[in-house]
Amino acid sequence: MRKYASWLLASTLTFAPMFAHAAVPAGDYVIGFVTDSTGPLAAAGQSFTHGAELAAAEITASNYVAPGAKLTLDIKEAAGDAARSIQDMHQFLADRRVIATSCCILSPIVNSVKPVIAEKLALVVYGATAPGLPSPPWVYSVTALPGPKDTETAATVAKALKPKTVAYFVSADNDAFKARMAAAEAAVKQTGATTAAVISVLGTDTDFTAPATQAMGANPDVIMVYTTQSPAVGIIAALRARGYKGAIVGNDVLAPAAMWKKIGAPLVGVPFPLSFSPDVNQSAEAKAFVAAYTKQYGNPPDLYSAQGYQAIWLIGQALHSMDGQPTREGVAAALAKQTGIDHNVYGGQAVKNGQAEVTGLTIVNWTADGTLAAWKAP
Amino acid sequence: MQLLLEQVVNGCAIGALYGLFAIGFGLVFATLGILNAAHGTYASFAAIAGYYAVVYLGLPFVPAMVLGVITGAVLAVIVDQIAFQPLRKRGAGMLGALITSIAFWMILDSLAGLATEQQSLSFPAGTYPTWIIMAGSVPLPAMQVIAIVSLVVVTVAIHWLITRSRLGAAMRAVGWNETAAQLGGVNPRLVILATASLAGATSGLAGVLGGISTNNVSFTLGEGMLLKGFAAVVVGGYDDVRGAAVAGVGLGVAEVLSAQYISTSMRDAITYALLLSFLVLRPRGLFGRTSFMRA
Amino acid sequence: MSMLLDWWAAYESTLAFAIVNAFFALSTYAVMATGILSFATVAFAAVGGFLGVQLLAQLGLPLWIVLPGSAVGGCAAALLVSVVFLRLESHWLALASLALILITRILVLNAPALTGGVNGLSVPVEAPFWLLLVLLASVSVGFWRLSVSWYGIAARAVREDPAVAGSLGIAPKTIQLIGFAISGAMGGLGGVLLAMTLQFVSPETYYIPVAFTMIAAVVLGGSYHWTGAIIGALVFTALPQIMQAVVPQVQNVANGLALLLIMIMLPRGLIDPRAWRIRRALRDARR
């Protein structure tokens, strides 16, 4: 069924423009893919990589780029380390088969590989969330930027629950989260709620009992959490363990199924905005993606898998739009012409100034049976 | 006042874990002269073993904890025998052992990552005690009480062992000078195995308790403890377990209170400023003896 | 030919990192040669690195000022630190130098005007490969001259037995102070070269992993001869790249095992002057 669906999809996408120009010749097209599948970011890193692998396999199987054209990933490990990412990129530069690259979960690492590949090799960022990373025609990002969605979610929840005071948790060592929290706080203030406390935590923190005690000491009506993944789940678990009964607002780091498996019950009813989830996204592409991914890797995809998947589909689409032998410059120029990703799991994905944008806002929460459902104001 | 008391309790509970971890780290350093970079991985593996015992074998909390502690001890002995014993035989000194411990750190961290599929796991709710004692208006959650009691018991027991028992005398003798101890009729092999397993067991205990109370069972658990335990050893001094215990609790309380009343971003600065001033002003730790001299 | 060029392009950056690590290893070797285990090189590298980046980016100074400037900065930091460190007994010194790395990171994080804070700074100038090679060659000449000088002999005596060295009229603390000064200069230079090779610096650039890398490089290569530091840095930098190509699934386990095996087989490192002397003596005896 899935094969049929993707074949149908691929054929409509492929054959329509095929008559317009001569396609890319058959051959082996290699994308250099820097992964962080070990080290501190390993969990997310594996999701990104699995999504990308699946996209490459689908593009090849459906002859999407051109009949007989094979898209392969050359995956090199960087373990979240800037120096190793740079070395990997240098190896891709030297490998003449590599026509485009994809990398990076951490924004500082994107900044340090950018000068390496500058003007030589196109890069599609799959995971780093800092705004302003893309610079066409060489650097693109398919990361679903969470900032604007956080602000909307905070405002929506504040309007529904009408809190008088709100306490915030923020990752003090992460500028992206600091900006997200500041924007959310401003939106909440417009609804008339005051700030009871801002509690900062660090990415490497492990104990959250004391910060939870601090937040509860400020006696807020709602607690909003803008931190990286392990602090976010730690904070929510600690708040509930210490008996906090009020509302908590989270962010998209709570979405992976592994987080439910890890923390469980304390997450129930915590609203957060979401770009992708197998439970919520129900388009034909999304269903096909979920089914294929689950079959291949034994667990359903998460928002990170979706981003890895879209990164490779964006490159595939650029190749598909070209005719003649693709060069590195040609791929970059073709990427610059893409205004959206046609094959996407979100139900719409425009590309503006090198940044792919996910349209629409979905606020979800975990339910007691371990699935995600659209959040409803109580 | 209420908040202050609650935070002091929180600080003591975190500090108890630092202290437990630091005792083992300091013990190996003082007796065997090894700066063991792999010490944190014992904690990670103990927590992972405890987790699997609870989730897959369905063991209750106490046996799972014991299993974790044994895992820590066994691992410490294996690492010692593979990584340190060959060097010891050749008299290669502290440097070689540091490097082989780094090697084991790389290996075990990577294996721990594979064992949890690179995820950070948590003990499921209901597999560990969650009762709360009310001391007046201050809540004392079970895991915090267990951590603090464990630290007190372990510190008293090991301090007694080292200062009063024959094994302890032998350990001190080996720490002073291994050759001289051997001439005096001490079996250094036995002392080495006892020290390694004791250190692994305390690290394992800290790992299981820390894995539960911080919702983090993964290879990052040990790494975090390694830095904090290391700080506790520097402040407390490595030749006395009481120092490591007191310093661990002190660091925990200082951390929590500075985050509450000053700022989170200054929290680590305060911890390490404390560390620096101890190094400059009292460079042998809290209970250090100025006459201590290593051969 | 084109294959060779491709290979070179692919591994040039690995070799560049190996050379940068060689400066760090030499810095660690400089103090180890006087009998001190210190991780403080990372802190000197941070001083040299951030100082150099500021000189390059803010003042736009040329390299021939920036590189010596960073070395002097590292050297000054080393002299300052050694005043406290040399009062400590050897085990404490090792612990204190680790603590210094942690403290340095906090300082770097809390001085965003100079260091860019958590976001780090990008570095506008890349270190050309020939420059790294020339610098390493000239530093090597320096270390070779030192090793055969009075200082080199005095340092060996202090390392073997400070008390005996003292009775021979060598002041151990002075020798160790000089060792720290050399270490600081090498660390500072390595710091700015690392920044220029990465083209980006952040608090994580100069942190615990670098410390363990350089210590492992020195001991692996052989801590009894200055060439050991360079060889060790080369091996230790190339190892992850090789393991990635050979056994990608368990590369970290393989790295660790390789390190473990080398240390157990050759506890004095790959370059071991004593083994050479023994071999030469045996050969002479047979003659």
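First chain written, first letter: the chains are A, B and C, and each begins at residue 1.
Throughout what follows, contacts are C-beta pairs under 8 Å (C-beta built on N, C-alpha and C of every residue); 3 or more make two chains touch, one makes a residue touch a chain.
In this text the structure is predicted, and so the values were computed from the model without any measurement.
Undergrad: Enumerate, in label order, the chains that touch chain A and chain B alike.
TA: Expected: C.
Undergrad: Max contacts between which two chains?
TA: Top of the contact-pair ranking: B-C.
Undergrad: Let me have the rounded angstrom distance from the C-alpha centre of chain A over to the C-alpha centre of chain B, please.
TA: The mean C-alpha positions of chain A and chain B differ by 37 Å.
Undergrad: If you average the CA atoms of chain B and of chain C, how far apart do the two points sit, in angstrom?
TA: Inter-chain centre distance comes to 30 Å.
Undergrad: CA centre of chain A versus CA centre of chain C: separation in Å?
TA: 38
Undergrad: What are the residue numbers in chain C that touch two or more other chains?
TA: 109, 252
Undergrad: Using the touch definition from the top, which residues of chain A touch two or more other chains?
TA: 38, 173
Undergrad: Can you list the chain B residues in contact with two or more other chains?
TA: In chain B, the residues touching two or more other chains are 110, 265, 268.
Undergrad: Note which residues of chain C are touching chain B in the complex, please.
TA: 32, 37, 84, 87-92, 94-96, 98-99, 102-103, 106, 109-110, 208, 212, 215-216, 219-220, 223, 250, 252-253, 255-257, 259-260, 263-264, 267-268
Undergrad: Can you name the residues of chain A that touch chain C in the complex?
TA: Going by the criterion above, the answer is residues 38, 76-77, 79, 81-84, 86-87, 90-91, 93-96, 108, 111-112, 115-116, 173-175.
Undergrad: Hey, which residues of chain B end up touching chain C in the complex?
TA: 29, 33, 35, 37, 82-83, 86-87, 90, 92, 94-96, 98-100, 102-107, 109-111, 227, 230-231, 233-234, 238, 265-266, 268-269, 272-273, 275-276, 279-280, 283-284, 293-294
Undergrad: Would you tell me which residues of chain C are touching chain A in their complex?
TA: Interface residues on the chain C side: 6-14, 17, 109, 118-120, 122, 126, 198-200, 202, 204-205, 209, 240-241, 244, 248, 251-252.
Undergrad: Contact residues on chain A for chain B in the complex?
TA: Its residues touching chain B are 37-38, 40, 42-43, 45-46, 172-173, 199-202, 204, 206-211, 213-214, 217, 230, 233-234, 237-238, 241-243, 258, 261-265.
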